[in-house]
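Next, two complexes with chain A in common: one pairs it with chain B, the other with chain C.
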Partner chain A sequence: MELHDRSRAGVKILALEGSFDTYTAEPIRRWLDEATRSAPAHVVVNLSQVDFMDSTALSTLVQGMKRAREKGGELYLCGLQSPVRLIFELTRLDRVFEIFVSEEDAVQAIKGEATH
Partner chain B sequence: MTLRLQLAASNVYTALMSTLRLPGRFESLPKIGEFVVKAARAAGLDERAVYAVELAVDEACSNIIDHAYGGEGIGDLECEVSWQEDKLIIILRDFGKPFDPEAIPDPKIGVSIDELKPRGVGFFLMKKMMDEIRYSYTPESGNTLTMIKQKLST
Partner chain C sequence: MQILLLATGEQRKLAVLSDAIPAPLLPIANRPLMSYHIEQLARQGFKNILVSLYWLPGYIEAYFQHGQRWGIELNYILQKNALGNAGAVRWARSLIHDTCLVHPVDMLLDLDVPALLAFHRNCGGAMTLVCTPGPAKGSPVVQLDQAQRVLGLCDSQPDRESVVYTGVLVIEPQVLDLIPQRTKYDFCNDLIPVVLSAGMEVYAYRSTGYFNPLASFEDYQRAQEDVLYVAWNDGAGKIGRSLPNIQKIGGQQAASGIWVGRHTAVHPSARLKPPVMIGENSRVGRNVELGPNVVLGDHVIVDDEASVQRSTVLNNTYIGQLVNIDGRIVNQGMVIDVETQEHLQIVDDFLLGGIYDEIVVSSLRRWFDFWLALFFLVLALPVMVVVSGISLFSTGGVFQRELCARGPLQPANPKRETGRRVFPLLRFRTRRSDGSKPKIGQWLERLELNRLAELWSVVSGELSLVGPKPLSVAEAECLTETWQLAHFDRVPGFTGLWYYQTHARSDLDEVLVVDAYYIAMSNWRKDARLLWNTPRAWLSRVLGHQVKMNIF
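Let's turn to the complex of A and B:
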């Protein structure tokens, strides 16, 4: 698992690459904790290069989203690959998370949220 | 001669089986994942079904380490894969505490973000991902979890 982070217009972006699972979730949890430490916490997680996710990964993202909202922000997802999308559908988390096709769309949407 | 050839072919057919035994640690999970993905592809499953199998095995092994053994490095995980024309069969064995899958309630799905609890999601996903799950326990052979994925399912 590789973590690539960047910032665009006040939005913190985490792009992941590889398997996001019980074995690799810890550094991602730490990154999300840090990114949601101060308000407003606007975070986009790019999953376009993630080929595997399990329930620990889902739980990590749910916790990150809760923390972002506690700090007056949002956590949006983008770029889900077809097999990975399945786990979101089965757990109905595709209705809980805002999911975008591209990182650009997610960043624009979260910036729009920030101006409300 | 014809009969002998048929018998030989039949033996090859039933010999499509492989076993991997690793320490019950989270670092073993990627190796077990790679092992079952290879078997699922060799069995001719499509990519969606390959992911389903990898996920079910990952969740099952995490549960074994967390709940049957109660932590890492307590005991081994054994994974046996075999495949037939229409299905892939995965058998996971461990020597931790027995568990009753029926006693694990399904998680609340489709609730608000504040009510979401991760507990129970792993077993729920296993049931959703596989076509059949069977569990047995004996003091001699420990916990045996058999999971079956049909080739023509999602």
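Let's turn to the complex of A and C:
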């Protein structure tokens, strides 16, 4: 699992690569904790290079979203591959997260959210 | 050219049916509606198709997957909100770089796509609407000038002379930028007026092929019959209307106009009048009268002396003895009158009902739970005797009960606050009656030996051996969102994925996410492995390690 982080227009972006599961979730949890420390915490997680997710990964993202919202921010997801999207659908978490096709769309939407 | 199929199901056409079965999967002669569109496009050489999904997306994707079966590639775009037809195309904007054919799937239309594209290129308009002559109820009427330019759309009642819009259109990608982002937006009501007032040209292409808007159940039943008559060579002349262009039909033709699926048994005394189509794994009983114009789905039972005419019966439906079905669409206990569109839910399973696999599976599971738990209970008896002795001497009692909630909401049950089934979860007592906890009680809890008494709840049927975590009544009340409510679809378990991946201090959301994942991904093999590895998981928990096991 590789983590690539960058920042665009005040939005923190985390791009992941590989399989996101029990064994690899810890550094991501730490990154999300750090990113949501100060308000407003706007985070986009790019999953376009993630080919597998398990329950630990899902709960890491849910915790991240809760923390972001506590700090008046949002956590959006983008670029889900089919197997990963299927997991979101099966667990019905696709209705909980805002999920975008591209990183571009997600960053734009989160900026739109910030100006409201 | 690119192709976008709108399979969002937002229009709620054929609502009573499409609430349960997403409209793209509604069967027409036992094949999902959307497969007719995909076949038509594949036949004309289009290999890459985008599909917009919103309502019940998982079922649609599970059926069509990536289109390998048709030799094409399907890609899906999932919407979280209802955006209208134009909004759905806007949502897919970043994937559309070329002239795009936008095709809703909740209708049937024979379309010559290359001819349409040539027409669009020739006219050079910003959009081309696919129109069809004649009256089609519920379709907007298009007003045209001499050069086939669209002047506007109106909702007036179409007559024989008028031209109606089918819902299919060709659009240039730059026009999509006129649609506001993430807003509900409609082609007819919103975008076309804006495009026309901006001075851009919209043309109408007249399609002469088969068109069925599927706006009503009458249309739906007609579509079934049309497909049957196409395949039934002797009958094609008998129905005085245009028929769709379909290459194949499911099932073996047993006699002229009679198709029977695999593993289906028809009693020799049954009388069949063509056209009749029967799906797979079905049974037609003694002295049954079937047809004409009947489609029975898969796993359908028509019991002795029943009769069915001019009707469509969907999968997993039981039709009782002597029942007469004429001019109806039947889906399990639901009966819809084709003419009046009225629908009725039959609660008497002897007349009509659903056939469910889950009943068999759940009773088998219950059987395993009972005998295995009883076996473990006997095995653990010596330990339990010691633990109950410790409980009795340290706290003055043997058992404590925690009220837990499970199962679906039961509306007619005002007494119970949660509205769900409440049951006491039995554990060995670790607290004194004043609430204080003796040292030995803390030890019992750390070793989780107090939980052994839960095996009794498994034997009595309140718990399963493997399942989601049992939730207390207070916790159950915190669950409101759809994804969380999946928790109640299953009987809670003595052990489960939660036992491996959460601990006593985990917050509720963490437990719920793990269980949502478990419920979505579990099967009996994984359950068996979860149960088998529970002693190892227990050891890790007691030693304070994180349980790392690759079961899911």
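We adopt the following convention: the second predicted complex is superposed on the first by the 116 of 116 C-alpha atoms of A that agree within 3 Å, B and C clash if a C-alpha of one lies under 4 Å from a C-alpha of the other, contacts with A are read in each partner's own complex, and residues count from 1 in each chain.
Rule of thumb we're sticking to: contacts are C-beta pairs under 8 Å (C-beta built on N, C-alpha and C of every residue); 3 or more make two chains touch, one makes a residue touch a chain.
Because the structure is predicted, anything quoted here is derived from the model rather than measured.
Legend: residue contacts after superposition of the two complexes on their common chain; A:T22 is shown touching both chain B and chain C. When the two complexes are overlaid on their common chain A, residue A:S102 makes contact with chain C while staying clear of chain B. Using the contact criterion defined above for the overlaid structures, shared-chain residue A:F52 touches chain B, although it does not reach chain C. Comparing chain C and chain B on the residues of chain A they touch gives the larger count to C. Look at A:T91: by the touch rule set out above, it reaches both chain B and chain C. In the three-chain superposition model, chain A touches both chain B and chain C at residues 22-23, 54-56, 58-59, 62, 66, 82, 86-87, 90-92, 95-96. Across the complex, chain A meets chain C through its residues 22-23, 54-56, 58-59, 62-63, 66, 82, 85-87, 89-96, 98-99, 101-102, 104-105, 108-109.
Note for the complex: chain C touches chain A at residues 57-58, 61, 66, 76-78, 80, 91-92, 94-95, 181-182, 481-483, 486, 497, 501, 509-510, 513-514, 516-521, 548, 552. Interface of chain A with chain B (complex): residues 19, 21-23, 52, 54-56, 58-59, 62, 65-66, 69, 82-84, 86-87, 90-92, 95-96. For chain B in complex with chain A, the residues that touch the partner chain are 26-27, 29-30, 33, 47-48, 50-52, 54-55, 58-59, 62, 107, 109-110, 112-114, 116, 118, 121-122, 124-125, 128.
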